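Two complexes are shown next, each including chain A; its partner changes from chain B in the first to chain C in the second.
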Partner chain A sequence: MSARTAPLWQFRQPSVLPGFGLALGVTLTWLVLIILIPLSGLAWRSSALGWATFLELATDQRTINALRISFGTALAAALVNVVFGVILAWVLVRYRFPGKRLVDAMVDLPFALPTAVAGIALTTLYAPNGWIGSLLSPLGIKIAFTPLGIVFALVFVGLPFVVRTVQPIMEEIDKEVEEAAATLGANRFQTIRRVLLPGLAPAVLTGFALAFARGVGEYGSVIFIAGNLPYVSEIAPLLIVIRLEEFNYPAATAIAAVMLMISFAMLLIINMIQAWSRRRYGYGA
Partner chain B sequence: MAHEAVSNTGSGNTELVRVATSESRLARYGLIGLALGFVALFLVLPLAAVFTEAMRNGPGEFLTVLSDPETFAAIRLTLLVAGIAVPLNLVFGIAAAWAIAKFEFRGKAFLTTLIDLPFSVSPVISGLVFVLLFGSHSLAGPFLQSHGIQILFAVPGIVLATVFVTFPFVARELIPLMQEQGTSDEEAALSLGASGWQTFWYVTLPNIKWGLLYGVLLCNARAMGEFGAVSVVSGHIRGLTNTMPLQVEILYNEYNFVAAFAVATLLALLALVTLVLKSLLEMKYSEQIAASRRH
Partner chain C sequence: MEVRVQNIRKEFGRFPALNDVSLDIRSGELIALLGPSGSGKTTLLRLIAGLESPTEGTVFFGDEDASRKTVQQRNIGFVFQHYALFRHMTVLDNVSFGLTIRPADRRPSNAEIRRRAGELLDLVQLSGLEKRYPAQLSGGQRQRVALARAMAVEPNVLLLDEPFGALDAQVRKELRRWLREIHDRTGHTTVFVTHDQDEALELADRVVVMSKGKIEQIGTPDEIYDTPNSPFVFGFIGQSNMLPVRIENGQLLMGDQPVGVSAPGEADGAAHLYFRPHDIELLDGEGSISGTVVVTRRVAGTRHVELDIGATGTKVEIELPPEKFTSDRARIAFRPTRWKLFRT
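This part shows the complex of A and B:
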């Protein structure tokens, strides 16, 4: 190898393993056919609308409200999941209690349970005549068929994202760090707030981003519990479905394009914050 | 508690050591209570609701619903769709992981990002892209119509949407696992005279089989349970293009709650079986699966 001069630009480093061409070929073909062509179809159709039409469709009041509801409830749910997800991960990593294995396994339930099933189950619980809803309605609290119901459904779907990204990083924390903090005179609260949490920040942020992205696009679990009142509790994915059923393809395309653009922009920003915070603090990065 | 025993250094100074690297008993119990309450409220109760509501009018009605021909057709369609989508993404996942984990090439990070793309796209949009591609207004629409090829509102559309949604699952599990295992085992096999396929079958595959199974499990759960994407492309034709999740929706919207929850029970059982198998795999083969969890 050393006898030959290395080429200036090389697509791949030499390897004795066979099958690179075949594997990459299968991967790229499948990727292009299933993901890239359909997605670029969406991009092409929305650019074919023309800027004026696109803007008009995207700034329709019902569309704007639906987008605001989708992104707002997803944000609220992701924040709830960050708080409880970190507590849950902490409890699972640090403490021992009966049934811990079971709780750990249950955390993945939202990954495994079909969203439609989650939707009707949560509605049954939180409807005004439901298991929990009937206890709350005398107090004047309504959850199902309000935006709050949407948040509850999104908390359900998003929970494992936060727990499963934070948990493995928590397991890696060296006890010495905490011991050092304690020897230097920090109390437990200070150690957690100033030493442990900053190190967990990149993982927490990843979990937040995943839960948020999932919540923005979520459809199945939300439509049953939301009440779907236009302008009030109608999420953007539902509005896409409604426009499709009206054969209003331009409007459906425009809403989808706006959703994707906002989601990608937010993920990009979060990635940048993450890269920064990984440089600044960070375990296992 | 065992927790304190861990920090107990054997001297009389147990209390001091415990305070330094753990929380007070009160804080611990408070946090455990909070976490368990949250899990009960958001995870256990919904699951309990599914089974209770399905059995509301006794097991007789539950069984009647399940023997309904429409339910039966929905079950068959769900199994068919998963039976096509999962193997397709299994082959793709192995190919992608082989290329990405075993070789160094330009644009690898970008390729990995593209594979993860379906995770950040709403299921409804995943369905919409196929409506735009194959609908009667699309470029392909007139051609398909004149040749009598039905993709939307038929099984091919449902399969395509499902493949799109479950695209990353297997690849995502395998890539970090195979990256961690490196290439030395394969190099040894090749240097001993094994062919490429032999190396893959007898060296690589046994190394990754549990991680592979793990990915297939998650892929299958999503394929059988997918709702949004399938709902957009299916057309909701009863007995023909209704998968089980769609059947749940239709029954529920007809206020036929017991029937809706009866079908939902089957899906919930699928979820429970998935969780049990997943936990077993994590317990027995933790070192293999942990690799993918760390990334």
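This part shows the complex of A and C:
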């Protein structure tokens, strides 16, 4: 009769990695303090509004327009960043050129620079009397003080997210995979389009999600360049601040709650796509 | 298709990886490039593929000069050591890739592509796994997908770079036999690179032994094993012993002891005597090599005995049938029955 060594049920498998309990405890406490309590405060406040009031506040035309502008410009900026971020990462990974380290370091600047500074700088450039804006305004193109200006600002703050998520995956691409494609008769364009880019898709998706999320929440740089015309170029975060300044807390809460729900739903979907691709391909960022 | 490599020289920077290498590969032949790492065997394979371009020399496919052609134009099949499968594509898509990317005028219809890919998967015994992704396959299965993918384009020549190098011993053996079968059935001219001599000797019609960017010897596995033409080949292929000897009047001496081997007609002087551990006979008396037993090991059907043969401090290893060796024997005298001399 052999004695049973392990208890019938265990919360976790014995492991040689120490500190599981401690690490999980710290993680949960931290998440609760930093994310969950503030957000549930928001949920609690908005649920106190009552369904009818909430709906009325959330479907206010100005709110809807602000949300549409916020999510629309963030989406557009994230898409632009995907294209140029991937190209930038490609150049940084694949080529050697003088000043490469400098360019590589510059990519991170949007992380560090106060976004208000970026917003003011962009506005100065793209305003109708700015360096670039004055060249474009005769053509009838207005960037600053329009939703297009918001996209420009969001492209700026979102760029490093795409580059920095795609770059390491690109570095890992096996040279042999490209050679294999070449031996099978694929030219450079076919290799990039059919072999390399699809392999990068999960990383690109992650970069897109991060850039998009950052764009939705961005405030500092946008308010300078947007012009902040209600219904036209007013973003949701700004509207929340405006409502707060009017002491209209219920409206601010409602907008915040809607933003939270949409953002969470989108990030969840993107995460699920990633989990699916990881299961299928055995990799993913 | 016949492949001829003529006076190829390849330098990486200042470092010569291949030095004046020429090699004729007959149509339908299965040929092994064998050598230690750094011998230039992979470079030679990649030159034939067109993945590298030679510093000097020419590669012919049939009568056609292929040196100026790109990899894409050469229509070869290449199998990499680490599979290099497209991980976002299913097994079927991987195998069909070479056909689907062809320009429209040379591309078979979709149904035809699918039929051919299916046939190849049948050949490599992977039917039923068409919808899987590479990540869901074992190493051996992945390498078989890679081979099917390479064969799908009906290559002029099939090139395999250490195809079994990343697999464990059991799978490796299985795939070896299986590759031979596939080759016999399809008749592709095949060149494979390996550093594993068993693999080369067991699998290939002819073996090319390479060292330091040069070809040391080309021959059938029998020729390579039985009549190595240089100390390097003797030492690299199979087990061998080397003894420094002196030749006097057609007799071989080690120190002052006769070795028990005569080489009539050999000029006097110093030489190295090479023999295989199993090419010996045990003797009782003098006029032979004798030594004290250092250690013995039983390896499968034979007993390996390591002997210390006295003054020179040299050790030799011999292989005996287990019944010929009793553990109480402390001293053994023997004489090589097959051997080769290389002058120093």
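FYI, the second predicted complex is superposed on the first by the 244 of 285 C-alpha atoms of A that agree within 3 Å, B and C clash if a C-alpha of one lies under 4 Å from a C-alpha of the other, contacts with A are read in each partner's own complex, and residues count from 1 in each chain.
What we mean here is this: a residue touches a chain if its C-beta (ideal position, glycine included) is under 8 Å from a C-beta of that chain, and two chains touch if they have at least 3 such contacts.
Treat the numbers as computed from the prediction; the structure is a model and nothing was measured.
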Quiz item: Is A:F264 in contact with chain B, with chain C, with both, or with neither (first, second, both, neither)?
Solution: first
Quiz item: Looking at the overlay, what does A:F156 touch: chain B (first), chain C (second), both, or neither?
Solution: first
Quiz item: Looking at the overlay, does A:E246 come into contact with chain B only (first), chain C only (second), both, or neither?
Solution: neither
Exercise. Determine, for the superposed model, which of the two partners chain B and chain C contacts more residues of chain A.
Key: B
Quiz item: In the superposed arrangement, does A:R280 touch chain B (first), chain C (second), both or neither?
Solution: second
Exercise. Please work out whether A:R45 is in contact with chain B alone, chain C alone, both, or neither, and reply first, second, both or neither.
Key: first
Practice problem: Please indicate which partner A:A105 is in contact with in the superposed arrangement: first for chain B, second for chain C, both, or neither. | Solution: first
Exercise. Please identify the positions on chain A that touch both chain B and chain C, taking each partner from its own complex.
Key: 179, 182-183
Practice problem: State the interface residues of chain A toward chain C in the complex, per the touch definition above. | Solution: 174, 176-177, 179-187, 190, 194-195, 198-199, 201, 280-283
Quiz prompt | Residues of chain A that touch chain B when the two form their complex | solution = 10-13, 15-20, 22-24, 26-27, 30-31, 34-39, 41-42, 45, 84, 87-88, 90-92, 94-97, 101, 103-118, 120-122, 124-125, 131-132, 152, 155-156, 159, 164, 168, 175, 178-179, 182-183, 188, 210, 213-214, 216-220, 224, 236-238, 240-241, 244, 249, 252-253, 256, 259-260, 263-264, 267, 284
Quiz item: Which of the residues in chain B come into contact with chain A in the complex?
Solution: 1-3, 19-24, 27-28, 31-32, 34-36, 38-39, 41-47, 49-50, 53, 88, 91-92, 95-96, 98-100, 102-106, 111, 114-115, 117-125, 128-133, 135, 137-138, 160, 163-164, 167, 183, 186-187, 190-191, 196, 199-200, 218, 221-222, 224-228, 231-232, 244-246, 248-249, 252, 260-261, 264, 267-268, 270-272, 274-276, 278-279, 290, 293-294
Quiz item: Once bound in the complex, which stretches of chain C touch chain A?
Solution: 49, 51, 71-72, 75-78, 80, 82, 84-89, 97-98, 101-102, 133-136, 146, 149-150, 152-153
